[in-house]
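Sharing a structure with you now.
The first chain written gets the first letter, and so on, giving A, B, C, D and E; residue counts start at 1 in each chain.
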Amino acid sequence: MRFLRQTASIAAKDLRSELRTKDSLNAAGSFALVIIVLFSFMLDPTETQTVYELSGGLLWLVFAFAGALILNRSFARELPNDCLDMLVASPVSSSALFLGKATANFTLLLVVELVCLPVFGGMYNLSRWSTHLGPLLGVVVLGTWGVTVIGTMFSAITVNLRLRELMLPILVYPIMIPCLMAAMKLSTVLISGEAITGDDWIWLRLLIGFDIIFTSLSLLTVDFVLVS
Amino acid sequence: MRFLRQTASIAAKDLRSELRTKDSLNAAGSFALVIIVLFSFMLDPTETQTVYELSGGLLWLVFAFAGALILNRSFARELPNDCLDMLVASPVSSSALFLGKATANFTLLLVVELVCLPVFGGMYNLSRWSTHLGPLLGVVVLGTWGVTVIGTMFSAITVNLRLRELMLPILVYPIMIPCLMAAMKLSTVLISGEAITGDDWIWLRLLIGFDIIFTSLSLLTVDFVLVS
Amino acid sequence: MTPAVEVQKAWKYFGDYPALRSISLDVPAGTCLALLGRNGAGKTTLLRILSGLSNPSEGSVRILGHGSRDYQARARTGMIGHGIGIYDELSAAENLRLFARLFHVRDAEQTVQQWLTRVSLDRVQNSVVREFSRGMRQRLALARAFLHGPSLLLLDEPFTSLDDRAIALLQSLLADALKGGATVIMSTHQLREAMELATHVALLDRGKLAHSGERPVQMLADPTWLYRTYGDSQ
Amino acid sequence: MTPAVEVQKAWKYFGDYPALRSISLDVPAGTCLALLGRNGAGKTTLLRILSGLSNPSEGSVRILGHGSRDYQARARTGMIGHGIGIYDELSAAENLRLFARLFHVRDAEQTVQQWLTRVSLDRVQNSVVREFSRGMRQRLALARAFLHGPSLLLLDEPFTSLDDRAIALLQSLLADALKGGATVIMSTHQLREAMELATHVALLDRGKLAHSGERPVQMLADPTWLYRTYGDSQ
Amino acid sequence: MREKILYVLGVAATLLLVRNLYVIFITLPDEQDQGAIYRIMFFHIPAWFVCFTAYFLAGVTSVLYLVKKQFKYDVFSVSAVEVGLAFTLIGLATGSIWARIIWGIWWTWDARLTWAFITCLLYAAYLMMRNMMDDASTRARFAAVVCTFAFTSVAITFKAIEWWRTQHPGPVLSLPGRSAGGTMDPEMEAALRLNYLALFVIAGVLIAVRMNQEKRLREVESLRRQVHAM
């Protein structure tokens, strides 16, 4: 109970300082639009088949990129006035702190994604993108959580000099590959208007397993990262 | 002379402190590699024609994304101890400061790109990618300089913003699109093993013109950004 | 009565460098300890261990009878570090509310208002901290540290860059806290300000505890007396 | 002789808010001016203008006879700000070398070594600054500011978090610089330390110059005399 | 007095617009190829022209701000960009509708369209960035630099039809500095020019109103700061 309330306070704090004004929503929206314009230069948007085939990949590329930007900042935000010290010294357990920050990042990322999704569908004339909206959102949520957990952890590691050498930040993004890969495959299928069948279930299992494993791993290790 | 030495000192300083921690280099490098790997799974590698057509676009998208990670840090690095103040207060002109930082970013970005290029060629079985290596490198250098100049300039502008991670790409990409577009087109041609001919010269002219215009614009205005 | 802080044979290594060397220190409840020592002596390192930001490499630390990372110890400790520890993007009131919630302060809103008034920031409570001058931020940091009525206060160079009025405020806050039975440990170089409150002093010298005990009377007239007497003469 | 610093009717607006209001101040070469004022009075704003980090909205500023952003003015000015202005990822020696090069110091390497010894950081010169204690960083910041033998020194609260030895060091550095004909302008809240050197004082009160002139004798015995006499009584 | 002139101008322009609407929808005949939909041109083309002019003036005043450091230039830049952005949105909307009827799709990644869209995003980002800065002086300086850079995008949008092969129609008006154009029916062109005038004046009035508001905003902000300082 106490744990949950603290987690919520931390998350609320992070979200509030991002959402001060409606800045972040606006920013997220234009970010999505800008990236979508960039893609239009890469692809020939009139070849609908190719666009459908790449759709999941492009979508998650945007998500991963936006994620990398937002997550990199997550703990760095605490540095200027040594705020992280105050949080760690307060009666908040490291895991509540981590979960709170992860929740805030997750929410921000999700907002960006939910803005991107329809814009992406609309501007590329992917008429079938919303036929399996429920499952698609499910995949987005699962994939985003995976990206968030790893990214938040990485963000915590980079603020700690000692661990930076030990834990090889260069591994962080590659660790996300299974998660991104699964999310991409599933999204491509769903955006193309098909249902998840036979072969694709394994991707879903991979995605869920990934989320569970890395969430537990992070919660177990975060105390070592934050308390020196 | 004095100008060049100061520029070199600033660039050396940035490179040295980046190479100490390798933060943004690692982040940008591993992020770029992840994208390349993921897309190689997404694309059907047997459709060689499609892959060749997409190659330039994909490559520059990766560069642009990786670039944002590096550029975000460029001025942010100066914040913690108010180091930027010391640089601005020293007898270094704002333009030397800017050029120094741009040079450092350029080098870092180029390193990431030169690592990505062969990996990209290899993973996608683009057997012809290195046939026009010289011109390709030329295009990479020109394109990267464009990206860097704009990115460094806007890094200075956005460094104090709440949402600088998102604001940087939002402001920077629209402005650098001509440069990215030209670089994409030229790279596609060169990676496909063809030479730059007739119609494509306009892109090269655009690229060079872009570099010149924005370098001068930045040098003219940077003083207003740095001195309040 | 258990001492507020019990440190036993605590060592702290950074790599191979021992920043603290076998520190044993008991701070009785209700006292005010001035932690003195030259730059690099290890004051901050010790305070970070006491505040649970860092674990000693060897030795044990008990805070108010609990382990240094225990909820009970943390909830009753207040801290001011080198940085002010408040968020620039949030308003003054939001900052305090956040910490009130994290520390489970009862009547959070009322306590926050009370403290805002106390540090005379009530009129600007809804302004973003970024707009504050350094003095205003320092006052807010004080309010943040005292908000939950801590039984143990850990202050790392609290007088730094406060003007005369703010120093008077801090001293009165500390005096009130001491009167209420709290224990205060502060590191400082501004001996004169510290000596007005300190009942005990401890002197660190390159990681070792060179002296600890009640404040010698000589220090009131001549604050550097301790350095000269117990400090390394180099 | 031209004054080292000439400020004429300088205003500084942040938006429409005047942080400095018509400041006119001449600082004769070779003097040491203590810039006093409560939190938010505008000390930092004025020092930033003098150091060329910011232009006055109105009025004119001459530094050593040049415009405030001129190469000649900048090359002969040393500065210590709120932040210490050194890079955490570089080593002590690398930091100094960088600034030596930026300031075109002759015999850079030798000067750097000399200053490292002077601030007793020669033994840790190759350690990354991040590992230093606050006092060590401050000493390094001192070395950085004095490295190029500036004729004008602008110091924003330089005594902050220095220990007795470091304060003595800074005071001796300043005394040497003054003896060498340099001009010093420092803002501070630690009046006692400042009064040992200051020949002149200026008091800012919410953006206005409330008083400036030679240091009144009363201030030696009672540093807050100025505040009480010229400061706003609120 | 100034306010009164503004109101009078605003009313006059609105009246002109009403008259133009009458001419456009009632008097003018349908066009031979496009039928009734061509009428959207009377809004599409002037809207773009007005917004380009606004961006151009904002660019000029931005440079002036950097040189002279007077807030009135900054005030004009924001106001012009905001009004310009509104007209950009009108241009995009009318263009999209037109495209839907003529080409059968709402949007295509044609060079002109894409650049118009990029310009829109860029100026939206400009306004967003301003919102994120608290100190008016910093805001004005940085915004001025961004505005100067952003103008390149306007230039490219303007030139896109000449530089790339686009689906979007080429020049129809004869403008200074343009070789092609001048292929329009004189009666239509007259109506078009009158509508130009109406929209221009309306934009001008809007900018002036917005400038007043911006000035007030800054005054309020500084009063608040003064209260803080006490």
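Observations on the model:
Everything that follows uses one rule, which is that contacts are C-beta pairs under 8 Å (C-beta built on N, C-alpha and C of every residue); 3 or more make two chains touch, one makes a residue touch a chain.
Every value quoted in this text rests on a predicted model; they were computed, and no experiment measured them.
When the partners of chain B are compared with those of chain D, the chains appearing in both lists are E. Between chain C and chain E, the least number of touching-chain steps is 1.
Least step count on the touch graph, chain B to chain C: 2.
If you lay the C-alpha trace of chain A over that of chain B, the rotation comes to 175 degrees, to the nearest 5.
Of all chain pairs in this entry, the one linked by the most C-beta contacts is A-B. With centres set at the average Cα position, the gap from chain A to chain D is 46 Å. Rounded to whole angstrom units, the spacing between the C-alpha centres of chain B and chain E is 32.
In terms of their C-alpha centroids, the spacing between chain C and chain D amounts to 29 Å.
Each of the following residues of chain D touches two or more other chains: 40, 82. For chain A, residues that reach two or more other chains under the stated contact definition are 17, 20, 23, 27, 30, 34, 37, 80, 161. Listed for chain E are residues 118, 121, 125, 128, 132, 137, 225, each touching two or more other chains.
Interchain contacts (touch definition given at top) occur between A-B, A-C, A-E, B-D, B-E, C-D, C-E, D-E. Residues of chain E that touch chain C in their complex: 134, 224-225, 227-228. Every residue of chain E that touches chain A in the complex is listed here, in rising order: 105, 107-109, 114, 117-118, 121, 124-125, 128, 131-132. Looking at the complex, you find that chain D touches chain B at residues 48, 51-55, 69, 71, 74-75, 77, 79, 81-90, 94, 98-99, 101-104, 128, 144. The part of chain E that touches chain D in the complex is made up of residues 69, 135-137, 218-219, 221-222, 225-226, 229-230.
For chain D in complex with chain C, the touching residues are 38-40, 44, 82, 131-136, 138-139, 157, 160-167, 189-190, 192, 224, 227.
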